[in-house]
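Shared chain: chain A. Partners: chain B in the first complex, chain C in the second.
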Partner chain A sequence: MKTVTLTLTNPSELYIEGQNVTPDNFAGKKAAEIAALDVWEGKQKGPLGKYFTVEGDGGATAEETKIVLRGDCTRVKRIGQQMTAGEIVIEGNADMYIGGWMKGGKVHVKGNVDSFCGIGMEGGELIVDGNAGHHLGSSPRGEWRGMQGGVIRVAGNAGNDTATFINGGTIVIGGDADIHISTHGEGGTVIVKGNARGRVGGQMVKGDIYVYGTIENPLPGFSMVDEVEQEVDGETARFVHYIGDLGERHPVSRGKTVYANLYTRL
Partner chain B sequence: MSELLIKNGFVFDPLQGIKGDRMDIGVKDGKIVEPGALSSPKTIDAAGMTVMAGGVDIHSHVVGPKVNVGRLFRPEDKLFKSPHKSPTCSRMEMGCSVPSTFKTGYDYARMGYVFVNEAAMPPLHSPHVHEEIRDTPIIDIAAMPVFGNNWFTLEYLKNNEIENNAAYTAWLLRATRGFGIKVVNPGGSEAWGWGLNCEHIHDPVPYFDIAPAEIVKGLIETNEFLGLPHSVHLHCNNLGNPGNYVDTIESLKLAEGYAPKNDFGREQVLHITHLQFHAYGGDSWGNFESRAKDVMDYVNAHDNITVDIGQVTLDETTTMTADGPFEHHLRGLNNLKWANVDVELETAAGVVPYIYSPKVKVCTIQWAVGLEIALLSRDLMRTFVTTDHPNAGPFTRYPQVIAWLMSRAARDETMKTFKWLERTIDATSIDGIDRELGLYEIAQMTRAGPAKALGVGNTYGGLTPGMDADIAVYALNPEDMPSDPAMIEKAFSRCAWLVKDGIVTVRDGEVVAEPAKRTVWVDVKVPENAQVQRDIYEHFLRHYSVKLDNYSLFEEHLHNPRVIEVDTTQ
Partner chain C sequence: MPKRVENVGCPYCGVCCDDLVVTVSDDGKQILEVENACAIGNQIFHHATGSERVKLPRLRQPDGTYKDISYDEAVDYAAKVLYNAKKPLIYGFGSTNCEGMAAAAKVAERAGAVLDNCASICHGSSFLAIFDNGYPSCTLGETKNRADVIVYWGANPAHAHPRHMSRYSIFPRGFFTGKGQKSRKIIVIDPRHTDTAQVADIHLQVKQGHDYELFDAFRAVVRGHEIPEEVAGIKREQILEVAAIMKKARFGTIFYGMGLCHSDGRNHNVDIAISLTRDLNDYTKWTIMAMRGHYNITGPGAVWSWQYGFPYCLDLTKKDIAHMNPGETSSVDLAMRDEVDAFINIGTDAGAHFPIEAVKHLRKHPWITIDPNICMASEISDLHIPVGIVGVEVPGIVYRMDNVPIQYRKVIDPPEGVISDEELFERIHQRLSELEAEEAAKEQAKVTPEGVRAESEP
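Let's look at the complex of A and B:
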């Protein structure tokens, strides 16, 4: 695997749209060609090299390409958007839409990210060591086909509207989550290891949510059915099991109605 | 002014009966002229290419409030589907199934179209319709106000007051700068106000106690009483349901005994739109089947009816119609987001996204039904290409529809992708149809026929000297047609040249100029009618949320009008 290192040496005044920073776009390109790729700053288009110094060449394919971003990328959006393979490591913070519409590969952010990260994700892995903003692993605005697959791990807290319209895949939040988790969900799993504020699983049809801490304002559409012991994210624990959202339509499979499951840890 | 000579093309003009003759077409001051009348024209070399009049779309939802609801509530329809600004266009383009106004104008022009008839204008919202007409570049647009659920219309027709209904119709056409009489699910959209529907043409409308059949017959009588350019334009009851072909044929029979009366060359009294949605057999989705043959047997035998196909293109799209109850029904089938609105005394509307998938049996049968309608037609001057944009598919797929009509191989290629191919073949006759249409027939279905049926065949849809110089040149050689149907689709997607009003508008598929576009409307002069004026005054006083003085379109909303005048007082 070949490594391309981008160091932010000339920070932008506005936010940068960095959707070209993916292993797919860097593959097969020399450092100079990578530096010539377009990025947008506001309404102006400029070469990547205007902001970053580029060291190293891309690998032959996306799979063989690793990108390391150094410097304060708080003003860089859309890194790893629509990537299908390879690896990206962001040494510090990054802005919105990191790993959006990812199909494969891995993105590791060592700092915090802003909103809309991992939205419309179909596969791959997004790891955030700090906190994430709103709409983590959510569906794009208006879209009813949300996260299809892949894994998102956030060590810290997440904002609101996590996993809206989730269809598949897993989201693990190490800290707390704000309101609205898995709204309209039709599959997938969300694990919140801290507390959740409320509106957990609103209009959810199918899928699972685990909350280890407390839910400040639980929804009335969920009904307790039993207590279960389950293995979650590598550890076994006892949970109270609720089904819901009882106000929503639910499919019938083999004569049994399928509900969304909400588990809170005992 | 400017002169233009389009030389040596193979000309297809059904209005003059020209079938691919190698001819020159002259253009002077925005009109078609005899080539000999030109002194020093610029020349377009069309050798080895097909020359037709600019395209005319008889039924498409491109402007107005429900289209805009579609744009607003489907941001995902724009995501990754909006190209950056074309270097040759003045405005940015957005969207796919519900494109922005600018993209709508540009894409129609790229396909060689110059006239589009907006299929449903809620009268109360006509200012919005006209503002969007202004913002849609290049193409001339007419808009039909909806009458089939209008309280005035229902009351007059219940009492069989055709003359009063005609006076009201003339007033409303002027108030909205409308083009003709559109009828959507007659009675059913009004019944939707009670949470009901009129699925059959003899179901009574609640409160008004009139049946859809009486509404349609009354409106045909009104239309012919006034002598409007276009006929009644009907979206039948019971759209989209298994077994609805029975209701459709009953609706078609309502036109029996009526003859056209107009000065515009129109020969039909009833246009049935998106017939594909109305030609289904079976009594459930399980035994859903095509009844295109039954419906087309009737259409073929009756000259006073025209139809458009409403071809399903197997895309993800956005359905939108003034048929409010149908959209609610559809939402129940696919569980996607739904918008619904009631327009006071006039109409209703709904919007729901829909995916026509080649993996779903009902969708692939629908696809076959549309093509059967076209291919079983014996008179293509009465059968027109539409996708009921965006209901059965976006208008940008017309080139694909043309390729399916012109090539059995193109149909076979698409059918290979069907999950339920055997069942689709069993439920339809598509596999037994080898007919392949030619360029002359395509010209009938996409320009000459629609223009004649709309009553604008003296201006649009043909290449007779004196008509508007709207000319599309396609890179297709009729003497050496490509064996690959994809090439046909490509040629019709991006015309080699489009001349609109004598101005070169598209060149090699790119928009190079944006000539002034027009709003086409029909101004009908009727004798003063004190009773109707009093009724209008009363209804606005008691029932409307706006005042009468604020209702009619203000002149500043009307963009570059082309008025078609009808005088019934003579």
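Let's look at the complex of A and C:
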């Protein structure tokens, strides 16, 4: 695997849109060619090299390409957007859409990320050591087929609207989550290891949610059915099992109505 | 003889009353009387001729005062600001006509700007819900003629849309609703005991910010499930009672307002309201409608959706791609995150409506206000360009809150020399094109054209 190191040496006045910073785009390119790739600052299109110093060449394919971003990328959007393979390591914070629409590979952010990270995700792995903003692993506006697959792990807290319209894949939040988890969900799993503020599983059709802490405002559309022992994220624990959202439509499979499941830890 | 102009549209709220009668003086310069309008609509007409108007663009001077300049100079200034900015923001359009909005969109596209309207801080969340969940709506005429159950959820038309209740929802006698108010059930759901709640048959005083839970309870009840004893501060019996009324209605309409759009969850509150409306259609006919604020705030949604496919928060910085994602491309977020470097405020007052932090960020960069009147935004601007008042001095098409287009007319001429929003934006567009052409010509001179050089004469 070959490593390309980007260091933000000349920060932008506005935000940079770095959708070209993916192993797919860097593969097969020399450092100078990578520095010539387009990034946007508002309506101005400029070469990547205007803001970043580029060291190292890309690998032959995306799988063999690793990108390391240094410097303060708080004002850089869309890193790893639509990537299919390879690896990206962001040493500090990053802005919006990190790992958005990604299909494969791995993104590791050592700091915090802003909103819309991992939206429309289909595969791969997005790991955030800090906090994530709103709309984590959510669906893009107006899209009723949300996250399809892949794994998102956030060590810290997440904002609101996590996993809207989730269809598959797993999201693990180490800390607390704000309102709206898996709204309109039709599959997938969301695990909140801290507390959730409310509206957990609203309008949810199918899928699973685990909340280890408390839910400040539980929805009236969820009804307790039993207590179960389950293995979640590598550990076994007892949970109270609710089904819902009873207000929403639910499919019938083999003569039985399929509900979404909400588990709160005992 | 003073002239009476009939069937005039009112440039105040989204109800777009089109039955006003305006009496104009002999010389056509004074508005003497306005009939049928509410107190606020009345004031808009009288303000046009009864107060001192700004008649020339005003440019901020180094000493902080304004100096009058010509429209040509103002157009040049605005075009240069847009041309030089990396990401300008053009925001407003609550109070102008569709022609002006289309012209502004042309400018935004040429300038590579972000184009946004007041829905961004108002009913924009309704758009998001409509994208996600559809919009089982109707026209106000259908409500008037058919509805026997009306729900106002988080809306207070008694103050915000003064003639809504009398023209369309509670009081009018329609084709199938000949008994007027007597044949209608009115349900108001609001944390406050508003003046609208005063005329309601049932007022549910929902706990502030917990509308989503209450909707969820209604949906569970409509589907025949048990709910807890109390949800969002409302007793189970009351929820069951209201749900029964809704299911038994012949035709119902849910009118919702800022109570849903401005409390936690925003688009999700509207989203679940739409889901409830859909559920109720398993039993009877139910519709839902956003109580749009300004008389033509539905307009930009219609015009720009036709032009670009999106109703608001349009990022046109890539020029040939329109990108929309509120939260990123919405005006207040752009301002708070310091993501734009020029601001045009048109037909609204961002100075009064935006959070102060957002205003402070925007003030770091050039700020242009286009508005007939002096407002908070015009007083902190670098340039204030006055325009004619749509519906009073400028005719044009506006969209009512139920997406019905109405042709507005003018009753008097604008003050001498004052132009319309449409003309102003057309002129800015013209100047922008000239600036681009000048820049393109410079580049031609810089680059040596490729080709074989001619042999020099021996």
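Just so we're on the same page, the second predicted complex is superposed on the first by the 266 of 266 C-alpha atoms of A that agree within 3 Å, B and C clash if a C-alpha of one lies under 4 Å from a C-alpha of the other, contacts with A are read in each partner's own complex, and residues count from 1 in each chain.
Please note the rule applied: contacts are C-beta pairs under 8 Å (C-beta built on N, C-alpha and C of every residue); 3 or more make two chains touch, one makes a residue touch a chain.
Worth saying up front: this structure is predicted, and the values here are computed from it rather than measured.
K.L.:
Record, for the superposition on chain A, whether partners chain B and chain C clash or fit.
P.N.:
Because the two structures are overlaid on the shared chain, the partners are seen to clash.
K.L.:
Just to be sure I read the superposition right, which of the two partners does A:180 touch: chain B = first, chain C = second, or both, or neither?
P.N.:
second
K.L.:
So in the superposed three-chain picture, is A:140 touching just chain B, just chain C, both, or none of them (first/second/both/neither)?
P.N.:
Both partners, chain B and chain C.
K.L.:
Looking at A:247 after the superposition, I want to know if it touches chain B, chain C, both of them or none. Which is it: first, second, both, neither?
P.N.:
Only chain C is touched by A:247; chain B is not.
K.L.:
Based on the superposed arrangement, let me know which partner A:193 touches: chain B (first), chain C (second), both, or neither?
P.N.:
A:193 sits against neither chain B nor chain C.
K.L.:
On the superposed three-chain arrangement, identify whether chain B or chain C touches more chain A residues.
P.N.:
When the residues of chain A touched by each partner are counted, C comes out ahead.
K.L.:
A:78 contacts which: chain B (first), chain C (second), both, neither?
P.N.:
neither
K.L.:
On the A-aligned overlay, A:42 touches which partner chain: chain B = first, chain C = second, or both, or neither?
P.N.:
In the superposed model, A:42 contacts chain C only, not chain B.
K.L.:
A:106 contacts which: chain B (first), chain C (second), both, neither?
P.N.:
Once the two structures are laid over each other on A, A:106 reaches no partner at all.
K.L.:
Check each of 132-140, 258-266 or 438-446 in chain C against chain B and return the one that clashes.
P.N.:
132-140
K.L.:
So which positions on chain A get touched by both chain B and chain C?
P.N.:
Dual-contact residues (chain A): 140-142, 144.
K.L.:
Which part of chain A faces chain B closely enough to touch in the complex?
P.N.:
Those in contact with chain B are residues 140-144, 249.
K.L.:
For chain C, which residues are in contact with chain A within the complex?
P.N.:
The touching residues are 85-87, 111-112, 128, 131-132, 210, 212-213, 215-220, 222-223, 225-228, 231, 264-265, 268, 271-272, 275-276, 279, 317-319, 324-328, 337-341.
K.L.:
Which bits of chain A are touching chain C when the two form their complex?
P.N.:
Residues 13-15, 40-44, 96, 115-116, 134-135, 140-142, 144, 160-161, 165, 179-180, 183-184, 198-199, 202-203, 217, 219-221, 223, 245-248 of chain A touch chain C in their complex.
K.L.:
Under the touch definition given earlier, write down the residues of chain B that touch chain A in their complex.
P.N.:
73-77, 79, 335-337, 353
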